[in-house]
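To start, the structure under review is shown below, and the notes come after it.
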Amino acid sequence: MTDALLTIDDVNVSFRFSDGHYPALNHISFSVSQNEVVGIVGESGCGKSLTARTIMGILPDNAMLSQGSIMFDDTDLARLDEQEWQAIRGRRISMIFQEPMTSLNPLLTIGRQIEEVLKKHTKKTKRDMKAKTISVMNSVGLPRAEALYKSYPHHLSGGMRQRVVIAMALIGEPDLIIADEPTTALDVTIQAQILDLFKSLKATRNMSMVFISHDWGVIRSVCDRVIVMYAGRIVEEGTVEALLQNPQHPYTKALIQSIPDHTKKGQMLYTIPGTVPGLKERGSGCPFASRCQHKQAICEQKFPEPVRMGEQSVACHLYSEAGVLE
Amino acid sequence: MMTKPKSIPLFIGISLVVTISITMLISFFYTPYDPNEIHSASRLSSPSAEHLFGTDNFGRDILSRIMEGSQTAFLTGFSAVSIGLTVGLVIGACAGYFEGWLDELLMRFVDALLAFPGILLAIMLVSVFEPGMGSTIVALGIMSIPTFARIIRGSIIQYKKFDFVQASIAKGAGSLRIIFRHLLPNITSPILVAASLSFSGSVLAESGLSYLGLGVQPPDPSWGRMLKEAQPYITSAPWYVITTGLVITLMVLGFNLLGDGIRDSNDNRA
Amino acid sequence: MRYFAYKFSSFLMTFILVSVIIFFVFQMLPGNPAHIILGLDADEQQIRNLEIELGLDRPLPERYFDWVTGIFQGDMGESLRYQLPVADIIQDRLPVTLSLTVLSLLLTVVIGLPLGLYIAQKDGKWTSIVLSILTQLGISIPSFWFGFMLILLFGVVLSLFPTYGYVPWSESFFGALKSFFLPSLAIAISNIAVVIRYLRNTILDQAKMDYVRTAQCKGLSEKAIMYGHILRNGLIPILTILGLTIADTLGGSIIIENVFALPGLGNLLIQSITSRDFPLVQTMILYLSIIVVTINFIVDLLYRLVDPRIRSKG
Amino acid sequence: MKLNLATRTLTALFVFILLTACSNTDGQNHEANGSNSTNGQENNHSSAEVSGGVVRIAMSTEIDNLDPYVSAATDTMSMMDNVFDGLLDTDESGQLVPAIAEDYDISDDGLQYTFRLKDNVVFHDGSELTAEDVVYSYEKLAGLNGGEPISSQFEIIEKIETPSDFEVIIHLKERSSAFLAANIRPILPADYDNHSEKPIGAGPFKFESYVVGQELKLKRNDDYYDVDKIPFLDEVQFKIMPDPESSILAMQAGEIDIIPGISAQGLLQLGDQVKTVSGPQNMVQIMALNNSVEPLNQKEVRQAINLAVDKDMIIETVSDGDGIKLGSNFSPAMDFYYEAGLEDVYATNIAEAKKLMKAAGYEDGFELELTVPSDYQFHVDTAQVIVEQLKEIDIDVDLKLIEFSSWLENVYTDEQYEATIIGFTGKLDPYEILRRYVTDYKRNFINFEHAQYDERIDQALKATNPTEMARMYKDAQSILTEEAASVFIMDPYRTIAMTNGLEGMKMYPIQKFNLEDVHYTE
């Protein structure tokens, strides 16, 4: 993995509450190569968005990165100060959010909001900036870009707004885009259009992306590799095909089992019993143990080391015991 | 789980309100001196062990008068809030529940009340009824109608959309029943907050009116009136002005912090 | 255009409603202005003559009609007590009240906004508690009592400011500023507290909004986010507060003028009510209400300027 | 009518001066040496008099109208008195002295008054003052020109003759000893009626400018006819300051030179920065008892109340000791007519009061409603003391404050009250003062009925010599006391504070700021 653009190594993030610190991300390690799209899946509360925010350096005030490194093109993001961060955000790494309705400033014109990225990171003339903005708006499929340039967010539909957010993320020509559930809040037909946009972007722009979703369908259509997270830990990782066809971790299996699918028409949709444990309820063992059908004694005491299995790696005591060499 | 420091303002508010309430209750049975007893020999004496807050221009004990004045403050505050709440409730509930032209009409009326700066409205109303405690209460009550009406209307419109209300409407329950059984119980806490804030607002406005000589009149004791009487002695007997005003401030502060605290703890729960 | 037509008609409605209320409310007041003017020893004939002279004997609706039509023609009638045109008297008093209002509003903005902004960026647990108590204190202090305290401190102990009356602007700019400073501060204190509170709350609320995260992800500096994004959104609730503040300030000046012996409208108003100088009182209250309504209208316009969402609703 | 709501204590008495429609009245006090000043009259002319300078005077009430025939406010008249002169004027002792008139005669039947005018009097606009102007002025006052009479004192004028440019003969319809004092009313230039905006008189000061609610400026009249009395001062500024506290602070700051009514508290604050002139002001503050309601219609009850009210204590607490105790409706300021000794008839005696109450059948006391105009802090304060004092004889006083406007209607006009507190302002004519208790007088709101009293007043009016007149008026005062018509409380002092370096301010039994003699010393 020497051509990795982004390498996250053993990152811990914890939240500070009045009664102590609680880890929210534990020993997160993964990498994203040039021109690779890595998906992150998991139920809500598993730390997907927090991972994204860690990479962007926009952790909430009461959260902190307590350990690990985030190597991005030879720079350790974890060690940057705020000003150095600002030079990277928008320019080298940008982010797309889940909520297109609220992630735009309601009082500023679309054009101005997109252009702001250029204003911050380039020294282009006003006219050049506008031209570039309009061309990017066109490229993300915004119609009548000239007119839209002067409109306000409330004039636009959700899908259009998400295109604006995408244009904002693209205009700085970043090396890495982090998309946090970019289609979740949209209705199905719009979702499909946006996914198509991502696919075409991937094809034309050669960019790397971290794509967060809880929807396997979305992951399958966009991602090369996928990481399954549960309660702040990576439980399984591998290519999309491998995981979908041959999930190893009981959690991954359960997730895939609960995908709605036309072949299961008429059956009860499978749901995983129980809920993700809260921050303060997590012990030292495997967090999934309480919901796992294969729970063993050790599961409650110790989190297993990940085990490589061909195209994928799994962190589960089932497999460390099964004799696969550690 | 509420973190401790956050509840400090609420705690201070409750302490102030409780302290002043207790003082008010005590004043019914005991004051250090007869609040009206005149001692021409000890006029305008400064605070001492004998007279903790000093004496006024009649040689009356200021502490005793302040204690007695708390009765007026509570009475005006409480009555004004009751009037404002009752009328505001009727207007707000009708407007919010029935909406349509009735809503439009009632809200125009509320808006017209708001077209006058608060104290101006009170001055107008008080002069119509002759200055005195009764007219002060009525004026302050009318002044606080808009707040209650708006809050109640807003909450009712909001809660009306909920299924449990829609269900009772569908079941054909009477409007009154729906308003009282289903809607009002759900908006007690915003009403409580508004009541607390409007209580402190009334106390403040009463003191202002009485200071102008338009509010509570002797022999009814009133803090604002005391300040009016203290004004000529501001330099020769500054304690008179200082203690009286301080008590008004603390009482208003107490109810403001209380109202705010209730609101905050509600927000935290939500 | 439809917006303006609607606004204008509602403005007119308010005017008529308010003028009717004011007129008839004051006619209900007990007390005969003629007798008050003539004093204790006046005999009935004298009183009767003065009533006729002042036009107090004519039927109410007629007097109302005359008053309102007069106002539209710029004639507000004559004061019963001063025997001078109401317009002249108000004109004499207006500069004081206006100066008070403008200066205290200025103080509110100049002190309240930067302080609120500064404090909003210090988001510590203890800051917020201390601040919440301090601002509540500012809101709870009766303005007239605060005025007394200012007089005691700055006028008597430190002798820095005059504590009564005023110097006209035309006479000495700094003299006028000095004479209006304490009373304006007394009025402004609660508004400053309100502005700080609201500004801080809205800024903290806005800072949690998604668009702020978006801006962060563009690489904008905290400053750029604060001034380019948050403040703009925070301005809307602040506008409402400032609108209310102006009405409050006008009301506050009624009391404060009495504390600092300023010959303004508020001072005049109280005196005119006790002397039953109806034409003066009615017109003044109408004046003040129109100012309030007009300010609400201006605030409305400002909303439209700041918030495109309202603008497009038309 | 100016009823400011800013708190006031002593200055309140300036406000009640406004209660009267007009204060300049007739009188015949040839010998009255009324203006005794407790602190000693400012008559010290030893230090060098300096001509010129500006004097700034704080006035607590607003000017109601600059036109002297329209104005009803005593304060306004006091200020404008410097602009206008009448045929006669009053000196500090209340004696009438010639002003515009050179001298005058009264016919033996008392019906014909002949005034000879000075021939060098000019108005401020430069025109000469002649008999024509006097006729114009008096016809206006008397309503002889077709208008309503402005002053009832002039209504007895039958006709006015002008034998020459500088001689006026006034014929009265009936004999009245009260007419002479009426001649202090200002003489105005004929056919000029813009006094409300630019008043023109013939007085020692000229009108300069007026800003409503703020300031009245007068300038010295260098062409004043009485060369000896041309003022020293260049300019006088009356500053309207309704709040007594602010005028004191202003004086402290050197922004004010004279405060005409200052409280003891205020003096304490100013310390030796100022000197004062003070004395009774010919005002009568009373607790009026409605003689026609139960149980106040009983003399014993009224006497008991009189015995229970400790006037000294009221003077001490309400007026800071600055006031003179009264026993009847008359102030010692008008010494010539004043019956001394009455103030001690009802020395406080609770035991005696209780005895009287018992005799009247009110051993257990009763409830008494005391209605007080809320606009006057001075009366409200007095009422608060009286409430406490009457508790001693078990009278439960129900204090009821109403606005002065309602007071005029309910109490003064409709007589719907039991007891009230009010102040009657100074008049030069005892008749004007004592007439209030005459049975058929319209404004006898106390409902005092006493045939002998009515007779005495009538005799006084018809009296031909001053001593006899005074005796009748003194008798009348005694009757009021004996009958305990009301509780006559005090005449609060007027204290004038002046900055050091100013001299020449005099006190009069009517409110008058005579600034002719006021001057700076070196």
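Labels A, B, C and D are assigned to the chains in the order they are written; within every chain, residues are numbered from 1.
The rule is short, and it goes like this: contacts are C-beta pairs under 8 Å (C-beta built on N, C-alpha and C of every residue); 3 or more make two chains touch, one makes a residue touch a chain.
Computed from a prediction, not measured in an experiment: that's the story for all the values here.
Enquirer: Closest chain to the protein's overall Cα mean, using per-chain Cα means, please.
Expert: The chain sitting closest to the overall C-alpha centre is C.
Enquirer: What chain lies farthest away from chain A once each centre is taken as the mean of the Cα atoms?
Expert: Of all the other chains, the one whose centre lies farthest from chain A is D.
Enquirer: Measure off the straight-line distance from the CA centroid of chain A to the CA centroid of chain D, and report it in whole Å.
Expert: Averaging C-alpha atoms per chain gives centres 92 Å apart.
Enquirer: On a C-alpha centroid basis, what's the spacing between chain A and chain C, in Å?
Expert: Going by mean C-alpha positions, chain A sits 53 Å from chain C.
Enquirer: Could you give the separation in Å between the centres of chain B and chain D, each centre being the mean of its C-alpha atoms?
Expert: 45
Enquirer: Give the residues of chain D touching no fewer than two other chains, as numbers and ranges.
Expert: If we look for residues of chain D contacting two or more partner chains, we find 5-6, 243, 245, 249, 375, 403, 406.
Enquirer: If I count partner chains per residue in chain B, which residues reach a count of at least 2?
Expert: Residue numbers touching two or more other chains: 3, 127, 130, 212, 214, 231, 234-235.
Enquirer: Quick check on the complex: what are the chain D residues that touch chain C?
Expert: Touching chain C from chain D are residues 1-6, 18-22, 62, 64-65, 67, 70, 72, 148, 152, 196, 211-214, 239-243, 245-247, 249-250, 253, 255, 375, 403-406, 408-410, 412-413, 422, 424, 432, 442-443.
Enquirer: Give every residue of chain C touching chain D within the complex, in rising order.
Expert: 29-33, 35-46, 49, 81-84, 88-89, 92-93, 151, 155-156, 159, 162-165, 258-261, 263, 267-268, 270-271, 274-276
Enquirer: Chain C touches which residues of chain B in the complex?
Expert: 3, 5-6, 8-9, 12, 108, 111-112, 115-120, 123-124, 127-128, 130, 200, 204, 207-208, 211-212, 214, 224, 227, 231, 234-235, 238, 241-242, 244-245, 248-250, 252-253, 256-257, 260
Enquirer: Could you please specify the touching residues of chain D with respect to chain B in the complex?
Expert: 5-9, 243-245, 248-249, 263, 265-266, 268-269, 313, 316-317, 374-375, 377, 380-381, 383-385, 387-388, 399, 401-403, 406
Enquirer: Spell out the residues on chain A that touch chain C in their complex, using ranges where they run on.
Expert: Residues in contact with chain C: 56, 58, 61, 82-83, 85-91, 94-95, 97, 99, 102-108, 113, 116-117, 120-121, 152, 154-155, 165, 168-169, 172.
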